[in-house]
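Read through the structure below, which is laid out as structure tokens, and then see the notes.
Order of writing sets the labels: A, B, C and D. Residues in every chain begin at 1.
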Amino acid sequence: MTFTLTLSGADLLLLLPEMLLTVWLCVVLTMDFAMPRLPKDRLAYLSVAGLAGVLANLVWFDLAGIGGTLFAHMFVVDRLAVFFKIFIVGTTILVILASVDYVRRFRFFKGEYYFLVLMSALGMMFMASANDLLSVFITLEFSTFGFYVLVAYLRDDVASNEAGLKFFILGVFAAGLLAYGISLVYGETGKLVFSDIASPSATPGLVIGFLLIFAALGFKIGAVPFHSWIPDTYHGAPTPVTAFLSIAPKGAAFAILIRMFFVSLAAFKPAWVLLLVGASILSMTYGNIVAIAQRNIKRLLAYSGIAQIGNILIGLAAGTKMGGDAILFYLLTYLFANLGAFAIVIAVGNLIRSDEIEDYNGLNRRSPFLAFAMLVFLLSLAGVPPLAGFIGKLYIFLAAIDEGLYTLIAVGLINIVISMYYYLVVVKKMYINEPTDPSPLTISPPMKVVVYAGLAGTLFLGIYPQPAINWVVAATLMFSNLAGPAAAAPTLVLPIGG
Amino acid sequence: MVPLSYYVILSVIVFVTGVVGVLIRRNIIIILLSVELMLNATNINFVAYSYYFQNITGQVFVFFALTVAAAEVAVGLAIIIALYRSKSSINVDEFQLLKW
Amino acid sequence: MTGSEPLLDYLGRYFSIVLFIGIALAFGVVTLLISYLVQPKYPEAEKLSPYECGSEPFSDARMPFPVRYYIFAMLFVIFDIEVIFLYPWAVVFDKIGLVGLVEMLVFIGLFLMAYVYAWKKGALEWD
Amino acid sequence: MLYTLIPLLPLAAFLILGLFGHWIKDRAHLVAVPAVLTSFLFSLFVFDEVAGGKNVTIPLYTWLTSGDLRIELSLYFDRLTAVMLLLVTIVSGLVHVYTIGYMHGERGYARFFAYIALFTFSMLMLVMADNFLQLFVFWEAVGLCSYLLIGHWYERQTARDAATKAFIVNRVGDFGFLLGVLLIWLSFGSLEYRHVFAQAADLTGETLNLLSPIGGTWEVSTLTLICLLLFLGAVGKSAQVPLHVWLPDAMEGPTPISALIHAATMVTAGVFMVARMAPLYNLSAAAMDVVAVTGTVTMVLGATIALTQHDIKRVVAWSTVSQLGFMMMACGLGAYVAGIFHLLTHGAFKALLFLGCGSVIIALHHEQDMRKMGGLKDKLPVTYWTFVIGSLALAGFPFTAGFFSKDEILVEAWSAGALGKTLATFALVTVVLTAFYSFRLVFVTFWGESRVDPQHAGHLHEPSRTMTVPLVILAFLSIVAGYAAIPDFLAPVLPGPRGLAIHHEHPAAGGMMAIAAVLGLVGIAAAYLVYVTSPGLPDRLARQWQRAYRLSFNKWYVDEAYDRAVVRPTVRLADRLWTWVDVAVIDGAVNGVARTIAWWGWLMRLVQSGQTQHYALGMTLGAVVILTVYLLL
């Protein structure tokens, strides 16, 4: 066997965003230990500057339509990958800005915090480009390692330690499942690249293998029944880390899920629709119902996140280009609304040192801006028009209706009503209940930037979604050939009438 | 020559041992070791298949799996030390502050 | 699944494995369950002590190692394992030329940075 | 441009107040009032142009397109839109003016104006919608504004759950509505009114099997299903049985809001929607019957309950429920024109009544209990006279606006077959009840001896000019609106199921007019007998009996007999209806469902045991179950 290894300039160009970020995170780490006196806030802004450069680079990729594959098709740059990279980098920028106040509370290792965030972002960027199962495994683990440490970052806080422990044990367990699944798929096909393993016949080894891979990715996105780490980890982790964890890795995992289901498994759609419909129904219902019983806002958002993932899975279950569009668009709306909501939780937590929903009583009196922003974010998460979340849900439902997934849509709609209840409980506490301590709350400039960004995104995507829709439609162009209306719907979701 | 299926059965045994270990052992370090067993089952599979297909990809995967396993151990040990400091215990069922 | 002749063959071959997985899992679950249900739970100080009868233990048998040891161990594990990437590189070094060399230099450079970081942070000091 | 500005002006007012509210503060009305009044002027122009018979569609922008899906945001104007625009802008403008006085010096003055401007914008967009999605979006948006405004006075203990309740109950209706919209998308492949209406007739024979997911067979006409699902939304929004529970509770909000949202505009959106969808409903007799019967039940229930309430605003609120039922009944019987006509006149006189209540409440320092009022007519002359006019209109007193519109509905209903005759009979009974409770309100509040808390009795005075002027204007409209030839104006755009419906020459018309007028008068007279001639609350009666006012012996005796024979059973029945049907059954069901779900939440969270290995086990079992399903399937 012979290989030649050549890397042309064009090849290197494809790696440019990742290389930039790698260099930049080295710079951040070096500055942290080489200049111990440097205020650590500067590192945050330095990181943001670097990420802004990467973002500019990615936007250029997107506009210029630069694409290609590298390393024997392991690494792909196409518009889908670029979309997810922009998603991840954007999230990271906002998370870092939202972290500045919080990080001041740390006693040790303030600088490393930013380094680890950047490193996780780098891992997730690679995830977005993963085009075979080997790179799925490596990049998934790469991005998760940073999170293991970040979740347990509050060294003296028992909850943070415990959250780190649970995340770690379940995470490596999922990694074990993933690796074994990949080995089975390799055993059946002898290949690892997504487009090569699109085998024509489903053998049990392949089924078990893909199910194990799905279990690991389901763990990553927090879909029932692989969700159990989510509430505890979200609850115990430092809040900015929770915010990061609730958005970016899910986006990156969806990049992989979309490629896996739409490319490798396109031929088996009737078989996997059942799986996704089940996971979606369970996630929505379980997340929403249990969220009602929560008293901690982070746990509430954790369960609501499980339910939101259920909604996104509807788009995956649709299995069409429009379903893909809907997933991407929904993720965008979820980014702004969820990150915005967490930004409020971080801000309030910094000020009053509590994440209990009880302590949001009368927030409107203490800070009308925070209360209003939270209202917008929660209503967007609940899918109230004309906010972004409504368009996201509508898009998903319309994609599903074209595929005849009526049962799923009905369950989704009922779940919207249920979810309304617990979002409104928070709103009611903020607006109607009396505060125990009426002193006004003010927030710092970087925090304000994050909240404003969330508000702007939530409103803009709701009122004028067209540019974003054009963007996501372009990002999924490669799936235009996917099966149209309900080619062969499985028995569970019979179309009604016709 | 040993048939491929022997390797596969061995790897299944090792994998299931790992899974069961994760599920029933209380000591976090042993849980970590069980996860390593799961990854090693993967490695057995990959090497066997790689030989069977005469295809190097599987062996490449093994290299990376080993690296990932090492990194897992390192991060895991760090977390375990932090836990031990706060609770003086590394029994997994003593950490159930966060629930419901 | 698409039902066909090869599939049934396959099922036949894999059935024992599935059965095995099932039995093993069931064994784990049942063992856990039985021990949980059957075990008497009357913990008291005497019962929890290592020797319920006999001489009193005068210190914990498990001596805690200094934390330093773990840090060294972790660093060793990490740096050690990366060497495995050098072997395949060395095998094909003459075929992949300059690009391979530069890539390996970048790889080692990153490790060097990690090493410097650990050093600077005092992780290599014995106390 | 002119057309576009109608909704944009209130929106601009909202944005300005929302962004710079903390800076504008007490001058907020200088932004909001001119914006809405200008909108009103433009609406007049539009009315004039549309009256010429032309329908205008103005595309604003393409909201979203993706594949086959294409949703425009546009403004649609026809005669129905034009009259609704006038109603919304007039009432909104007057409420804006009224608010200046009512909310004067309150905290959140600017925010309040911002919300009502936003509400006005949303309501305008709702009536101008030209596709179902736009309708739905603004349908939700008005609900949201209502939510924000009900919760505005968070000082009040009782305001707390009212807002949430209103929103949740409405979401139940909206669930049906959205399902209806999705079904329309599925059946027609378009969401635009004109496409849907044009193709509606092609769908008449189509059926859907509702039980197919579980293997059964239950064929339902697609059109009927669409109409019923849409109607579910209207049931929520227009407070029809069984989703009416939120409206009376919503009275916890500030009174101008009750006038604008919970009387004149938002709650009538359901009726408007049914009328707008007339081309669909006309094709489904079953759906029409459901609409009519639901409306009638609501009408009777609301009227009986209004008899016994003590809170002044709740009486008016229950009356609104009843009147909405009346309109819904009209629409269900195909009398869309009459329904919308009554919607318009009702908008005027009910807004008037609410604002009148507001004046009383302000004068009495937020006292809402009628038993602590009385004798206010000399202290608050303007409020009193306008209130009387409003009540006359509500009671259907001859030559007021309410008389004409009620009569229109009754005549049309009477001519709509057997069902129509039955329902019209109920409506006639309701006319008596309506007249009775509306004048009970007048007599108890304004007549008789003052029972006002002496603390406030000394300085009772008419509220400021900004509050009385809107009352006078609305009183004027409550009379003249009946003389505008609105039915003839609307008839071309709202064809009933039996074609264009103008039958003023109907033989029953004159008789019905007379009967309704007499019944209204009977109701008023009964109220006069009970509450004025003998200020006869039972306990007080008993006390005066003991003191032996011999002179009035006979009168008392008659009155008590009357009380025993008529009033008490009615009161008892109404009380029972309220406590059993409403509180126990419907409220109970709504709360029960919510409680059950919450209970499941508490139970299911226990799965999250906190034990890491349980989680790992859960993941493994999940994977094994999925695997088993796949390998066995």
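Assume a residue touches a chain if its C-beta (ideal position, glycine included) is under 8 Å from a C-beta of that chain, and two chains touch if they have at least 3 such contacts.
Everything quoted here is computed from the prediction, not taken from an experiment.
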Shared chain contacts [chain A and chain D, defined touch]: B, C
Distance between chain centroids, defined by C-alpha means - chain C, chain D (Å): 66
Computed distance of Cα centres, chain B from chain A, in Å: 26
Approximate Å spacing (C-alpha centroids) for the pair chain B, chain D: 64
Contacts with two or more other chains, residues of chain A listed in rising order: 165-166, 169, 173, 177, 204, 207-208, 231-232, 271, 293
Touching two or more other chains - residues of chain D: 605, 608, 610, 612, 616-617, 620, 627, 630-631
Chain C: positions in contact with at least two other chains: 1, 11, 18, 21, 25, 29
Chain contact topology (line, ring, star, complete or other): complete
Chain B-facing residues of chain C, complex: 13, 17, 20-21, 24-25, 27-29, 31-32, 67, 70, 73-75, 77-78, 80-82, 84-85, 88
For the chain D and chain B complex, residues of the former touching the latter: 605-606, 608-613, 616-617, 620
Interfacial residue positions of chain D with respect to chain A in the complex: 22, 61-67, 69, 111, 133, 136-138, 140-141, 144, 151, 154, 159-161, 163-164, 167-168, 171-172, 175, 178-179, 182, 185-186, 206-210, 212-213, 222, 594, 597-598, 600-602, 604-605, 607-608, 610, 612, 614-616, 618-619, 621-623, 625-627, 630-631
Chain A-facing residues of chain B, complex: 8, 11, 15, 18-19, 22, 28, 31-32, 35, 38-39, 41-42, 45-46, 48-49, 53, 55-58, 60-61, 64-65, 68, 71-72, 75-76, 78-79, 82-83, 85-87, 92, 95-100
Interfacial residue positions of chain B with respect to chain D in the complex: 19, 22-24, 92-93, 95-100
